[in-house]
Amino acid sequence: MNAIDMGVLLGLLPDFGTAALRTLALLAAAVAGGLLIGFIANLARELGPPLFARLYWVYTAVWRGVPFLVHLFIVYFGLPSAGLALSPFQAAALTLAVYSGAYFAEIFRACWRAIPAGQIEAARAAGLSRRQVFAVIQCPQALRAAVPLIANQAILVLKESALASVITYPELTMTAGRIVAVQFTYVEPYLLLALCYWLLAAAIARAGRLLARRTAIDAMVKK
Amino acid sequence: MNAPTLLERLAGYLPLLAHGAATTLLVSLVAIAAGFVLGAALLGLSRSRARLAAGAAAAYVSFFRGTPLLVQLLMLFYLPSAMGLELPPLAAAMLAMTLNSAAFQCEILRAGLASIPAGQIEAAASFGIARRQVFRHIELPQIARAVWPAVVSEAIDVVKNSAIVSVIAVADLARVGRQLVASTYRPLEVFMAVGVVYLVMTAAIFALGSWLGARMGGGRAGARRIVEQAAGGQP
Amino acid sequence: MNDTAVPMISVRGLGKSFGGHRVLQGIDLDVRRGEVLTLIGPSGSGKTTVLRCMNFLEAYDEGEVRIRGALLGYRRGPDGRLLPESERIVAEVREPVAMVFQQFNLWPHMTALGNVMAPLTLAKRMPPERAQKLAMAALARVGMADRAGQRPGSLSGGQQQRVGIARALAASPEVLLLDEPTSALDPELVDEVLEVIKSLSRDGMTMVMVTHEMSFAAEVSDRIVFMERGRLVAQGTPDSIVYRPQNERVRAFLQPWVRRSLAGRAEPASINPAP
């Protein structure tokens, strides 16, 4: 096995640093967008007419049933022929946001369901409207319960973001591939690449745990 | 002669897509089956009292669950050639997907074992039943029912993940799609057709999995559990 | 009925802590052959922990538990200290003791018969034919012989607990430990289990029971022990503990039960404050 050349490794750090920032930018955009889309989808399902519940089911089933890579191809290679040409970052961020939105929506749905029906009944009996129940009874508890699940999903989004390399967005994986092709060193770039993702995932997990602890309420429903 | 209609074009894609789908299913099946065996072995290792074995298993699971599959695939494809070993793309694909799935299945099995109420184990111990017998007669028989929804979820994930092997030139469904686009210049309809085929495959796995889950004695509750498990699944 | 020989179970100076929290302190207790001993007391008094120490489901920290004279869970080192004993020896020492659990703890993938047979075939390595005979006899003893082929999932709580009792009986134990056997049951299912326990006591089975069923405890026990905050506070006959409590704290503990009994049933003559 080739020995790991620390000199080479250190020399890679600047490139990997910028690439990591790009990965984080993609991650942030995708998670923010995905949370928004997922929340709206769940809200529509909870408060809207039955049609919205059916649309919700179609959205979550279809988007989660097709590989992310195919979604990416459709948006980046397919949409231009329909008039919408996006940059690699735009395509990756948009596609990943809508894709992860389906998963966030299901997380929200599960957390909404976890609130005991008795609490809803009591609120309705006391005269609260469905919207008030949603905002005042369900949201505060369900969103807190969702924090660890959202953190876990964010890690999955991080791993999926590596596919943006296939449509030439210069994030971590593409950068490592470029360096390998140019410099003909395999071991250091790929090891550093794996390490970067592993560290980022650990950081997200840590942040999730801290946030969960900060926002926890003792007598709350545990998911 | 008239240009072919959409329907005619789609019909023309079908044989190639079918070939690609077959490769996808082959790679997925190998990954799931071999991943199960390896995952079970990993679980056994992680429960061993030898700290080195348990630590190695934990490191393995942490690495393969904590890094992207694409990175694992690239490492397994390119690193051996740096050492002088030529690994054919299909073999590298099957290997990467197996190693990856094994880590997830190890955790699925671990959760399944932990879900068996501790009281049952306690009762067995109180009657003098040895640890190994408890595993064989009390825990193992209940494992299948306990892990089934998560296994179905993992099978669906494996099929979806398999699209990644297209980047190292394995002729799976995704790659066939790219080849078709290169020859027809119709990316939108080709890739949407590819998407539909994947959707059919994952939906079929889900339906089969739910039906089998219900037959395993979970009844309606078993099928419902699979739906809920799928809700928490990974991209 | 009283045996002058070694007591079935003997507890001396028993102490146990969970984390930093002291759960048992200085418990001294003897269980004689053929007697029914019941532990009562408020939640957290440690009564279940004492029971679980008696078959080493919990490892005690101080004192001794002896089963028919043999030290349970430990052996004496050369300096007199307690050293952990091997699993095999522990299993041997506690072999005459069988437990019935509050949550039944049946194995859901086996039939009732399978549940009762498993300890015999797996732990005692009995040939299946003999195990089946003993198992069917035990099931008949608790009135579950006709449901031997059913799985726990299709049995009511009371039926499941009776299977649990059969499972404990099949190995012909010398002592039966019952940990709140009816606490997890719906009220209408409690009686069928109490009936089985009553009939076992009539047959002379040695039993140690933790229960909240005060009338039942008074009816079936030879001796009742009242525990509070990890200590043994009072013990005596049902009369001196339940019907005519002589200890102030016992009386305070039983007050809600007395009130409820007086409200609903014709037992007032037995409930008299101590003179």
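Per-chain numbering from 1; labels A, B and C assigned in written order.
FYI, a residue touches a chain if its C-beta (ideal position, glycine included) is under 8 Å from a C-beta of that chain, and two chains touch if they have at least 3 such contacts.
None of the values given here were measured: they were computed from a predicted structure.
Chain contacts in this assembly form an open path, with each chain touching only its neighbours along a single line. Look at the CA centroids: the one farthest from the centroid of chain A belongs to C. Of all chains shown, the one whose average CA position lies nearest the global CA mean is B. As a whole-number value, the distance joining the C-alpha centres of chain A and chain B reads 20 Å. Chain A and chain C have Cα centroids lying 53 Å from one another.
Separation between the centroids of chain B and chain C, computed from CA atoms only, is 48 Å. Residues of chain C in contact with at least two other chains: none.
Counting partner chains per residue, chain B has no residue touching two or more of them.
Remark: chain B residues 62-63, 66-72, 74-75, 78-79, 81-83, 156, 160-164, 166-167, 174, 177-178, 181, 186-189, 191-192, 194-195, 198-199, 202-203, 228, 230-235 touch chain A in the complex. Residues of chain B touching chain C in their complex: 117, 119-120, 122-130, 133, 137-138, 141-142, 145. Within the complex formed with chain B, the residues of chain C that make contact are 55, 57, 91, 94-95, 98-99, 101, 103, 105-109, 118-119, 122-124, 167, 171. Listed in rising order, the residues of chain A touching chain B in the complex are 1-2, 61-62, 64-71, 73-74, 77-82, 99-100, 103, 106-107, 109-110, 149, 155-163, 165-166, 173, 176-177, 180, 186-187, 190, 193-194, 197-198, 201-202.
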